[in-house]
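Below is the structure I would like to discuss, written out as structure tokens.
Chains here go by letter, A, B, C and D, matching the order in which they are written, and residues are numbered from 1 within each.
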């Protein structure tokens, strides 16, 4: 485990939260890396569903996009995009939705649309994608993001996706079926919603991360669990499997050709 | 109907001001047709797409697009679409009007269009932008339970353009692998253009294959490699390097325009284009 | 989950008073499961089906059915369902409550159920029975265009039962040929039972094949010939003679009951049943 | 042509009305026989669509039911039942809907639900099936029925399917997209709607059928075109092809086995 980067610790911590056999709806990037790592460790029967309509994908390397051919070729079933969203996600057949975002607030609401105002944006982000629907309909939602002051904000610039809305029972009162975010895994530790207020509480820190670092990386007055746990350090096996996966991935996607 | 030249098909089917969906979900993105829109100087387009990527970045960057209806615009696995951002953030080369959807609402809007219904229905996502954005989302009550659902207006593009593996000589189209929302996008449209890798005598059945019958397809045109740098399962691999290189190429306005001049406007056909970027 | 005995699966999954869809569209009709419902004496069922045929005739004739939700009830290519008619026309052995649909509204109701929506939307058919039949059909206005559409309440069966070609040991199900509305019927249900011709180690892809992932299937049970006298593409042919002979057999109440006693209640398994009617 | 039965004349007359290349949505029985005959005569590229989801079926024999395996095996595409109704029929992609029924009225409205009252029926019929949707959405509708007084009725016992409703412009005023019934082909002749009143007019009689027979077989005061045409008699080829088809069909479906 020695020499694990914060990113590796985050990915491994996220992978550990996925239980074997769950149906997991994953976006590309950090969620996909964590889910594919879990599948190689404790959760070989984790069912990976991608927005492109693949159910039960078993890629050998991490996909660059949610539509990589390997996701279809290794899937139990490939369905159309309307079907994956209506018959699978909206129907409540997804156990875990796995999301990232550009901004998160204390109630785990997410922004992936815009920094600045929508009408005159400072940074235009890609947009909602499937996030609002995943966060609404998955039985629970995991969020994986780097913990930074500009990302963990007092107030979202745009509410793309619902966490616990204004907190407390606002989410169930609004009629959401899914339980909402149960865990935010960052490169510094783990945040979980308070059972009553639904405000995110720093419940764990990764090995060697001081609580001051988490506070400094959070744009609201951060509640910290007492005692705050320390994440178990990555094991040698976890780290080896993750690095092998990343090396295999880099090699597979490396074919390079000058386009100019 | 099989058309020999893509340029003829685009000239005939896509007009300035049209609502056009060039659909594809990482797989089967109709780049060749998009380039032909640039060559023919189409303007004032409303473009629909769940996942606008590089070809939409190019169309936006040359000023062909007035409005974009979409749910996620990025360079998958790489980062931003710089021409898209430049248009939205700085109005260059022209302001770009946006209509924001979620993936689920885009899909439902295509399904509604394909079904000849004026709207699709979704379970609501209260407290998000969808709740107060009446251009795309409105409330509808279930007449049986009284519960509140979200309605989304149907997509009815003037033209849908997709790329597929193959077609037969009567115009039946076959695609397989990740099929995305292409069938619905074709069936929702008034006119449909399909570029294919090859035209064959008989479409032998393929596992996971979807057939779009000829009557739903206005024109079919053989354009081998027509999805490049996207891929066509069974025919070509995704050119991941191109996607990565696009990031640098598209950051700078001048460099982008030079690329378009040289590799799109400076080539007459998709084969020439592929050869000019070294992909043949 | 793979279950060894159909009788165990039926005992576990289907209860008196349940809303049950045994779907199939000429192809893949789950006769074996229907017979097991008769053997176990299920009562007071609400049955859903687009095209109720002989197995529903049998269930109605033994008095297992309180209500039928359907769009077309007949013996395809032969004529009437005599037990169905006797129940509706004469209340024998019990009155049968009917909810009438059209094929399109049944399909839309299953799609809505599979999508976790309380209703589906159809273009209206004014001036027909659908216009004034609020139990099944109600009006809904498009919140964008103001136009009037027809809403149909979602089907959410307690149990859906289908027959398919095969499943793997984890319970993924594969069917092909005429696929009907079976996937939607399974996904709309709280519980799903699938009888299959065989259980295999690996489901190799098949052209035109549909896979229903294991998580949507409560129990899978190998019942070779489980669709007889319907057919299973790739495994068995339709027993057209049985359909014709049923016409005479089912006209007379006594003869019908004798047939049920002898060939259904008098047999313990589907294999015994097939053997008793000379189909093995 | 000599020796053609009224049923054969009817089937051949119906087949003649189908133009080559049209998308035709056919029910089993008389419509299927006529459509398959047309495909073997003047309309080899007629695209047969069945409610079971087959598009472009090319069966060698007449199907016993709309779900026969041969319909799928010979089809250009097989889609799900929800899809054939939503994406094909409702979407307006069907040129000709081809229907039969138990009862028809003077405005070509149809009953296939019940004889007597719905609550206490004298004869319970199979029900609507796809007929209301086919009659609503196909660009035009052909009806094929035996002309009998108990079938061609003054007043339907139940209106399953819309023809021209109360006649005149009632149908388009109700918002129907399809043009409605353009022709009713019977074993006695052909009826077509009056362009203004939309009441069915006997416009043709099959060879040798006296107009009195048509009047006697119709439960309302029948309007007859003046002059009324005479259907061209079946040609030797038409009759031979139809009979071969029926012999092949009978042979294919004949496998018999005692079930009792």
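We adopt the following convention: a contact is a pair of C-beta atoms (placed from the backbone, for glycine too) under 8 Å apart; a residue touches a chain by one contact, two chains touch by 3 or more.
Values in this document were obtained by computation on a predicted structure and should not be read as measured data.
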| item | value |
| --- | --- |
| Where chain C and chain D overlap in contact partners, by chain label | B |
| Chain centre separation (chain A, chain C; CA means) in Å | 41 |
| Centre distance in Å when chain A and chain D are each reduced to the mean of their C-alpha atoms | 57 |
| Centroid distance [mean C-alpha coordinates] between chain B and chain A, Å | 27 |
| Where chain B touches two or more other chains at once, by residue number | 111, 116-117, 122-123, 183-184, 208 |
| Junction residues of chain A, two or more chains touched | 86, 90, 137 |
| Graph class of chain-chain contacts, one of line, ring, star, complete, other | other |
| Set of all touching chain pairs, with the criterion as stated earlier | A-B, A-C, B-C, B-D, C-D |
| List of chain C residues in touch with chain A within their complex | 111, 114-117, 172, 183-184, 187, 211-213, 215-216 |
| Sites on chain C touched by chain B in the complex | 116-119, 121-123, 138-145, 147, 149, 151, 153, 205-209 |
| Contact footprint of chain B on chain A as seen in their complex | 28-29, 51-54, 63-69, 71-73, 78, 80-82, 85-86, 89-90, 109, 113, 121-124, 126-133, 135-137, 158-162, 165-166, 170-171, 174-177, 253, 255-260 |
| Residue ranges of chain D touching chain B (in the complex, touch as defined) | 23, 47, 55-56, 76-77, 86-87, 90-93, 137 |
| Residues of chain B that touch chain A when the two form their complex | 25-27, 50-51, 70-74, 76-78, 80-81, 84-85, 88-89, 100-104, 107-108, 110-111, 122-130, 148, 177-181, 183-184, 208, 229, 231, 233, 237-246, 249, 259, 277-279 |
